[in-house]
């Protein structure tokens, strides 16, 4: 276990963390403001990646593809909201689970139909490719730094938006008590649509940003969805601040856990069982963390709604 | 049964509750005497329902003690207080929809009887539960609606069911949170008669806005203003108190 | 003051009782006749499909018990199925191939896990509850993948089906089919009795108005915990049946997608009806079998079907049939 490796994995953990934050932010807002459990958020992330690949194939420029894919993501998200989701606000969570589960099936297999099951890739823009020397003997990919920077940037922007603008105030109020906001005469339908569209864009954005690093394939959103839910539950539903803190926490715990679980276990057991048990424990780590947090704080760390 | 020297059924000592910087219950100290009907009145926002919620255990006070029948129940959960004989009705009707009127009351009977971990036998048909439930329904004038769905009742009937459920628990202390809320004059008279018939059989705390009912029923009245009790006394004393009149500026007291 | 003018124990109006008996009777008669149908059509796969429907129906009924009657949405129930299945697999690998051992262990282990996790899960509500059940399901899943000794990710083949008291009674698919049938019938009848019992009434009341139930004198969490443990045990039974049927166990049996499918089955059929769970299992698995024969990428079609069921068919299939049967209800 070298210091360099520790540093690299810490940075990787931060990168995963900001990625999770971008996805979780939309999820927690939609849940907080509309009380809507959106399992389909993961496929929106996947769709962003696929759209970026598709547009890149046409325009051959990463940044143009990024913008187009974002807009297309937003459009598709709003379409889904209009056709399906808005009829489910106020319905049982159970119904929302099944409907969004259906959307997952539809999109996961839809992209398989359109683009095939083989993983696709999106190249990093030339200017931001390659690696940078952070320390003697330590190279770190530029793109990953871009992701971390973009993530923090979006987080800062979201914070300013939510804290200092009128719409942000309405969102915070809505997350705390949507009926009250509606009773005050605010066009709640429009607010919901804005929140949902924004969340979709964030998910799509993270999909686009991660596409150059991971492979773009059907079902890539499923596991990240679970992580995102763990994030918002630990952070507290409806809280952007909670999502940020929880996302970084999860990103670091998961990444560092996976890298060093075997090494840490080797301190207390023989190499062979350590190598066997280590990965399993690493995978479970975040769930154990969530269980512990929920045991102590049944509503997460910073729930938007009181109690 | 001696009154003044008996152990109070309920003793509140320095009860306080804040929601953030808002003081909702301000150092409330009060004794409720056995068999009395004690009314709590006060302007809107005085904190009456919050007080009742603390008494029944739905809210935990920040400071102070609640002593019920000699035991400190301040931190006891609602179900255990209920089993000790503290029963309440809700201001906003809180019945079990989807169940019949009879089942609503039978469930309260079932709670009192214990042994609810029975996995077999149709509970809805048990005579041991339904008979006492029907008795309570007769006393509250709801027997003719025993098999109606609780949802299908009129507002006044729901309030009567609310009371029936509370009575089925055979309470030592009955907390009534605005039982006359939203019902018309005829049904109010019926409720008043019902409560008058119950007077003496159990101790009751009545939170109410309807002053006619309050002065018809109360043995003593406490006035709650902005979370603290400004006056406790006999109805005639309370009526004449200038502080109370000020607190009720504009409200009819007759 | 007894002697009420209306008899307290009046019988439930007849039509409803008929529905409560006729519908399940039809279901079980249909299930009992499947092997006959398979023989007539010379379609062995119908027997397998029928077994599968019933195995998941046991789990779905168990899930409906807590979802439909307690209002607790568990997104980790496949974990209990997996526990039950792995109990059979591991015991078989270690030389204990008799149902007399593997059945109690399967159900017992599941109940213990349900008790331990239930104590934590029931401290939460709403979506937090959903997520923490998901978490525990994932935990069990990852533990299974790490069991290198028992196949790990690839799963474990079971040498042969359980013997019953030493006799190879379920060696044939037909015999297994009827054993599963009996277990489903037993599970169903047990749950039916449970929900109309004193215990079940407290649960149902708690689902409708938890505050009222607690101020009447019930510690609703305690009742929900017992229901959760029973539900977990029955799902473990489903796993026992699954392992014996497929003679194979794998972590895939407990993925969160499987838990999601169980929820879909319950909703599809009609939440809170118990019959609906069986119907939902049949509808889901039959759709899967039929659609996959028509279109290779059948889930592209199935997804929107689920969405439309949610939007337009509230109360699932049972809800639809009730509206057709009694348009004025």
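Each chain carries a letter (A, B and C) given by its place in the written order, and its residues are counted from 1.
Following the convention adopted for this analysis, a residue touches a chain if its C-beta (ideal position, glycine included) is under 8 Å from a C-beta of that chain, and two chains touch if they have at least 3 such contacts.
Bear in mind the structure is a predicted one, so any value in this text is a computation, not a measurement.
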{"item": "Chain with minimal offset from the mean of all protein Cα atoms", "value": "C"}
{"item": "Centroid-based (C-alpha) most distant chain relative to subunit A", "value": "B"}
{"item": "Subunit A and subunit B, separation of their C-alpha mean positions in angstrom", "value": "49"}
{"item": "Subunit A-subunit C separation of Cα centroids, rounded to whole Å", "value": "32"}
{"item": "Distance from the mean Cα position of subunit C to that of subunit B, given in whole angstrom", "value": "42"}
{"item": "Shared-contact residues (touching 2 or more other chains) in subunit B", "value": "none"}
{"item": "In the complex with subunit C, residue positions of subunit B that touch it", "value": "56-58, 77-80, 82-83, 87-88, 90, 94-99, 102-103, 107-108, 110-112, 115-127, 130-131, 133-135, 137-139, 143-144, 146-147, 165, 169"}
{"item": "Residue ranges of subunit C in contact with subunit B within the complex", "value": "1-2, 4-6, 8-12, 193-194, 196-202, 204-205, 208-209, 211-220, 223, 226"}
{"item": "In the complex, subunit A residues that touch subunit C", "value": "31, 37, 39, 84, 87-88, 91, 93-95, 97-99, 101-110, 112-113, 222, 226, 229-230, 233, 237, 276-277, 279-281, 283-284, 287-288, 290-291, 294-295, 298-300"}
{"item": "Touch list for subunit C against partner subunit A, complex", "value": "67, 73, 75, 120, 123-128, 130-132, 134-136, 138-139, 142-143, 145-146, 148, 256-257, 260, 263-264, 267-268, 271, 297, 299-300, 302-307, 309-311, 314"}
